[in-house]
Every structure is written in C-alpha cells, then in structure tokens.
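The following pair of complexes shares a single chain, subunit A, combined with subunit B in the former and subunit C in the latter.
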Partner chain A sequence: MTDLEIAKFFAGIFILLGAFLSLVTAFGLIRLPDVYTRNHAASKSATLGVMFVLLGTFIYFYFVENHFNSRLLLGIAFILLTSPVAGHLIGRAAYNSGVKPTDLTVQDDLATAKKTLAAMDQQK
Partner chain B sequence: MKTNDVILQTVTKVTLFIIILFSIHLFFAGHYYPGGGFIGGLMTSGAIVLLLLAFDIKTVKSILPIDYIKLTAIGLLFAIGTGAGALLFDMPFLTHAYTYVNMPLLGKTSLHTAVLFDTGVYLVVIGVTMTIIQTIGESE
Partner chain C sequence: MFDTVLWISVTFLSLAMIGLIYRVIKGPTVADRVVALDAIGISLVSVVALVSILLDTNAFLDIILLIGILAFIGTVAFSKFLEKGVIMEYDRNGDR
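Here is the complex of A and B:
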C-alpha cells in the first residue's frame, strides 16, 4: 500500500468510528431511563464521536489534499474542553431543579451531603 | 445555598482566549476565506457573553471597561471615514485602494483599505450585540 492509501484508510476508519459513536449516543438518549444517564451517554460518547470525525477529516485533508487545517485541531481541543463541562452544567441544573433520578439508583451522595450541611447550619 | 461555579469559571478562562483568537482569525481572513467583520464581531461578542454567563455583570465591566454605545459610534466613524477618504483623492465615495508591502515579519502582504471598513463593521457588531444583551440583562 502507498502512503496515500494508508492515510485514506485511517481517515475512513476514524470517520466511521466517530459516526458509530454518534449512533451509540443516539441510542443511549432513547433507551436510558432518566436525565442523568442520558446526560452521561450524550456528553461522553458524542464528544469522542465528534472528535474522531474531526480527526479523520484532518488526516484526510493533511495527507490527501496537503492542507494543514489548524482549525480542525482547535475544534478538537475546544470540544474536548467544553462538551463535558456542558454535560456537567446540565446535570447540575437538573439536580438543583429537583429532577429525581431513576428508581434503579442506589446511592445519592449529594443529597446526604446537602442534608448534613443543612444540619450543620441549624446547629449554628 | 450559593452555587459553586469553579468548573464553569475555570473553563471559561481557558476557552475565552481560543474564541477571541478564532474571531480575530475570522476577521483577518475575511478577504480571502469565509469570514469577515460581521462574523468576527459576533464571535467576539459571543466570548464576552460567555464571560457574562460565568461571572456577573459588574465583574465583566471591571474586566472590560468599555462603553459599547461609544464603540458602535467609533465603528460607524471608521466605516464613514474610509468611505469619505476616497473623496479626498477625487474618487467616488467608498472607492477602496490596496497596495503590496514587504512587512518585516509577515513578508509580502497586501494592505487594503477595505480592512478599515471591516474594522468599522466589527466594532459596530460588537457594540450593538453587547448593548442589546447588557440592557436586557440589567433590566429587572
């Protein structure tokens, strides 16, 4: 195989993997029971999926078209930074507005922490 | 209970520079690639809006002590000034000129008066968006 074919192969692999991970995200959003598990599916696998697609695109343009596109690399770094934080903020907003987790949940550390904090406030 | 915004504020401090760099890139690449004053200004004001979301309005005012209405006026002056500058050289209004200059670091660069016009657009877009958002945010 020539270098060009190897580059095209890897670009295709990365893009297919990213598309597959985005599909996994969509299935997770449909099938998971509550907002927290859906948030988990959406913020993790979608991030990695989009990053893989961008990486595949970058490899394609760099090796096949000889064009170094730094915006794609910046986009990868930007999505890696921001999309988990967006997930965190959505989850926190849901929790603070009183959305209950699914009945399958066995542990809620934040609720107990909030209770002890409230108890400490009352003792003062 | 006071909410703790450490994660949002830390990420804002990092991403703010990426967004502003990208908006400046869009602004300067506008002549040869997609981009320009409008989208660059919108993205810069987007960065300031991110600051407003992560911090409160007083903090942002102390970080960026800019009167956005004056910024809009300066932008309009830039646009009219570059247009009227053509009249001084006996050319129709809004005629633009360009030249190639060998800059010390950048090499052969084309300097175009349309960039000055675009600077006006950039400043007006930032000024108008931030005025709209801040006046809505301040009213109770």
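Here is the complex of A and C:
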C-alpha cells in the first residue's frame, strides 16, 4: 500500500465511524423516554461523531490534497468546547421551565436541594 | 472504495437527520425540539465536510465553522428564552 492509500484508509475509517455515531444520536433521540436522556444522547454522541468526521476530512485534505486546513482543526476545537455547553444550557432551561423527567427516574437531587433551600429561606 | 465509504456516510447522516426531524415534529416539549435542532445543525456540519470531499474543493470549509457558531448561538438564545422569557436583559441601571 502506498502512503496515499493508507491516508485514505484512515480518513475513511474516521468518517464512517463519525457518520455511524450520528446515526446512533438519531436513534437515541427517537427511542429515549424524556428530554434529559435525549439531551444526554444528543450532546455526547453527536459531538464525538462530528469530531470524527472533521478529523477524517482533515486527514484527507492534508495527506491527499497536501492542503493544511486550520479551519477544520478550529472547528473540531470549537465544537468540542461549545456542544456540551449548549447541552447543559438547554437541560437547565428544561428543568427550570418545569419539564418533568420520566417516571422511571428514581433520584432527583436538584429538587431536594431546591426544597431544602426554600425551607432555609422560610426560617430566616 | 473511498468514494463508496463517503456515500455510505452521507446516507447514514441523511437517515440521522430524518430521525432528528421526526423528533422536531413530534417532540412533546419545546426543549426536545431545541435539542433536536441543535443535533441537526451539528449533523449539517459533517454533511458539509463530506460534500467538500466529494466535490474535491476546500472552498466550503469555512462554512463548517460558521454553522458550528450559529448552532451554538441559536441554542443559547433559545435556552435563555425558555428559562427567563427574555434573551437580552435590559439592566442599564444595574440595580438588580
């Protein structure tokens, strides 16, 4: 195998893995029962999937076309930083706007913490 | 061979986006729809990357960063709107 074929092989592996992870995201969003579990699926596997695809694209352009594209690396770093933050924000917004978790939930620490805070406020 | 892998990946991403659109339409709460739209934006990034490989050009690679930034800003604005009812708070006097 030549260098070109090896580069294409690794780029193909990364791209296929990333696309598969995006498909896993979609299945998670369809099948999981409530907002928080869906948010879990979306913010983790979609992030990793798109990072794999961008890494494969970067490898392709660097080794096959001899073109170092810094914007792809910047995009990988940016998505790694922002996508979990967006997931956190939307999960918090859902909780504060009163979306109930699924009935299978056994523990809700934030609700008990809020209750004790309210009780402490009443004592003052 | 590499082209086949690319087309299979594009197919996977298209199926994923169809599933996400199903969640946008059906999703019982607004937060579900926002989560699904964010995931659609993220999937669109990888579709643009694959299309730029397929068309053999590097002219579209700026769009990747652009879509990533726009998806993040849109999600932040939506979640602030859901949580507080306003996106930009007006507190010029700063007396809160």
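Everything that follows uses one rule, which is that the second predicted complex is superposed on the first by the 124 of 124 C-alpha atoms of A that agree within 3 Å, B and C clash if a C-alpha of one lies under 4 Å from a C-alpha of the other, contacts with A are read in each partner's own complex, and residues count from 1 in each chain.
Basically, a contact is a pair of C-beta atoms (placed from the backbone, for glycine too) under 8 Å apart; a residue touches a chain by one contact, two chains touch by 3 or more.
Model, not experiment: these values are computed from the prediction.
Asks: For A:90 in the superposed arrangement: first (subunit B), second (subunit C), both or neither?
Replies: Once the two structures are laid over each other on A, A:90 reaches subunit C alone.
Asks: I'd like to know which partner A:35 touches here: subunit B for first, subunit C for second, both or neither.
Replies: Only subunit C; A:35 stays clear of subunit B.
Asks: On the A-aligned overlay, A:46 touches which partner chain: subunit B = first, subunit C = second, or both, or neither?
Replies: In the superposition, A:46 contacts subunit C only.
Asks: Is A:77 touching the first partner subunit B, the second partner subunit C, both, or neither of them?
Replies: A:77 sits against subunit B, while subunit C stays out of touch.
Asks: Which partner, subunit B or subunit C, touches the larger number of subunit A residues?
Replies: The partner with more contacted residues on subunit A is C.
Asks: For A:15, decide between first (touching subunit B), second (touching subunit C), both and neither.
Replies: A:15 sits against subunit C, while subunit B stays out of touch.
Asks: Does any part of subunit A touch subunit B in one structure and subunit C in the other, and if so which residues?
Replies: Residues common to the subunit A contacts of subunit C and of subunit B are 71, 74, 78, 82, 85, 89, 92, 96, listed in rising order.
Asks: Can you list the subunit B residues touching subunit A in their complex?
Replies: 1, 3, 7-8, 11, 14-15, 18, 22
Asks: For subunit A, which residues count as touching subunit B in their complex?
Replies: Residues of subunit A touching subunit B: 71, 74, 77-78, 81-82, 85, 88-89, 92, 96, 114, 117.
Asks: Considering only the defined contacts, which subunit C positions touch subunit A in the complex?
Replies: These residues of subunit C touch subunit A: 1-2, 5-6, 8-10, 12-13, 15-20, 22-23, 29-32, 34-36, 38-39, 42-43, 45-46, 49-50, 52-53, 56, 58, 61-62, 64-65, 68-69, 71-72, 75-76, 78-80, 82-83.
Asks: Mind pulling up the subunit A residues that touch subunit C in the complex?
Replies: These residues of subunit A touch subunit C: 8, 11-12, 15-16, 18-20, 22-23, 25-27, 29-30, 35, 38-39, 42-43, 46-47, 49-50, 53-54, 57, 60-61, 65, 67, 69, 71-72, 74-75, 78-79, 82-83, 85-87, 89-94, 96-97, 99.
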